[in-house]
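The chains carry the letters A, B, C and D, assigned in the order they are written, with residues numbered from 1 in each.
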Amino acid sequence: MPQFTPPDPNYETRIRESFDQQSAMKTIGATIGEIKPGEVHINLPYSDHITQQDGFLHAGIVTTIVDSACGYAAYTLMPLGSRVLSVEFKVNLMSPAIGERFVAIGKVIKAGRTLTVCSGEVLAFQGDESKLVALMQATMIRVDEKISS
Amino acid sequence: MPQFTPPDPNYETRIRESFDQQSAMKTIGATIGEIKPGEVHINLPYSDHITQQDGFLHAGIVTTIVDSACGYAAYTLMPLGSRVLSVEFKVNLMSPAIGERFVAIGKVIKAGRTLTVCSGEVLAFQGDESKLVALMQATMIRVDEKISS
Amino acid sequence: MPQFTPPDPNYETRIRESFDQQSAMKTIGATIGEIKPGEVHINLPYSDHITQQDGFLHAGIVTTIVDSACGYAAYTLMPLGSRVLSVEFKVNLMSPAIGERFVAIGKVIKAGRTLTVCSGEVLAFQGDESKLVALMQATMIRVDEKISS
Amino acid sequence: MPQFTPPDPNYETRIRESFDQQSAMKTIGATIGEIKPGEVHINLPYSDHITQQDGFLHAGIVTTIVDSACGYAAYTLMPLGSRVLSVEFKVNLMSPAIGERFVAIGKVIKAGRTLTVCSGEVLAFQGDESKLVALMQATMIRVDEKISS
């Protein structure tokens, strides 16, 4: 894996504050976990209020946590005064999203000046056992904090 | 656009019943709109509880409605005894998702025996004006109702 | 469809000259067809030297023509002094790529200052009949001619 | 990484024979390298006849080798009597594809009965140094050898 040095040493604080402003995360019940250079984890317990018609976690909710994990992974490597937005992502849903809890892990693969490419995955846990339920490949963009996109 | 003939004439009832079981839709505030062969619309009013850190609709919530619109568009063309699951999708977020309300439109491009390819879009409305905020290209799979995937 | 006004009135000449420098196109036998604001066509006759193991056009060759069609569609709307590069694309292969000839059509969906989102398709022709064999959703980037990326 | 056991012990022979029938590979100058359960490498020397307008390897050619690497990685795990086809893939082009030679590596992430999800990458080599130039996430399908898709 590549080694990264965040240009803003306070990246973790900045990300936790940003995450607290993502009301969608509160609504679905997600919390932010580990944050390190180029990698962010998001945790989500299973709950009846975020499922599709078969009782699996809705694919869009799976996407919501792994998109944020990838976006914040990219954000760990952006300088002060930056915002991060998702340009696009692709998600494969590999197994029905069933389990007690889910962990989304976003990792930076290539950090450019403007665009950052990330890889993400979502694991479903039942007790100590985990299963890969989704795989994401995403492109994130850095925009200037003051300039609206 | 291709013309489609649903193998199950009661496809609309079946889809409305399935949609009512998607608790994620109630949680975010989405309702199902138009349903016709190979095309389904989902409506979502803007709300403070489904945003990301900048006050835009979270990209994962944008994905949630257009994934369901595409999945149900595919489902209009599946025979009785089928379930539909998302295999994978790719979403481009083209403009910040800001507006009074959003409409996701899913359309079938190619319906195969097992796999269906769909195209989806999300429009943001402010009064009568609309703007394209997201574009999806998705693969859906038909699975037998009795067999767990 | 959106209406576009190219900032460089000589966009067609500029694109034909650029296409002539794509040696990969000569190698596979592709030629450029219609060029208009936000839309470019590329033609490819079937040939034994560009197939996969079953005698279908190789998915990578299908991608080659529709990537160039999308890239040049984006390029029609870029100012003088720009180069265009593919950031990423996603392709669905919907039917085996068999036919006498193929046409790739790239269209701009949203042209931004830096990024352009395109939609592409590849049609296979047998006599007068055509079939959709591939669908692309792509992100292109404008880079300054002088600055190497 | 997951451990895989190929159901057909002669998978390597079967893949080398199939690769020899991919005329597109001869045309671009690619050869097949390492083949092991769930992983296949394809080698391509740089050549003037497979470039785009800036002298980089054409994104479609980059895709051609990594699509075949992923398809054959999936094929290592398919039983006798199967064919493999690409359902869809997404590719990020992360750096200009410049170098003396390129290696595409395809790996199986999840092998299902019908669908297999793969991850692929393309490395550009200049002497002993390598750089990641492309990342693929792909879905492959197993079809019965006798049944045309």
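Please note the rule applied: a residue touches a chain if its C-beta (ideal position, glycine included) is under 8 Å from a C-beta of that chain, and two chains touch if they have at least 3 such contacts.
Computed from a prediction, not measured in an experiment: that's the story for all the values here.
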**Request:** Any chance you could check whether A-C or A-B wins on number of contacting C-beta pairs?
**Result:** A-B
**Prompt:** Copies chain C and chain D touch; is their interface built from the same residue numbers (over half shared) or different ones?
**Reply:** same
**Request:** Averaged over CA atoms, how far is the centre of chain A from the centre of chain C? Could you give it in whole Å?
**Result:** 32
**Asked** chain A to chain B: how many Å between their CA centres?
**Response** 22
**Message:** Quick check: what residues of chain C touch more than one other chain, meaning two or more?
**Reply:** 87-88, 90, 92, 95, 139
**Message:** Please output the residues of chain B touching chain C within their complex, sorted ascending.
**Reply:** 90, 92, 94-95, 109-110, 112, 117, 119, 132, 135, 137, 139
**Asked** Residues of chain A touching chain B in their complex?
**Response** 18-19, 21-24, 26-28, 48-54, 58-61, 63-65, 67-68, 83, 85-93, 95-96, 148-149
**Fill in**
Contacts from chain D onto chain B in the complex sit at residues 87-88, 90, 114-115, 139, 141
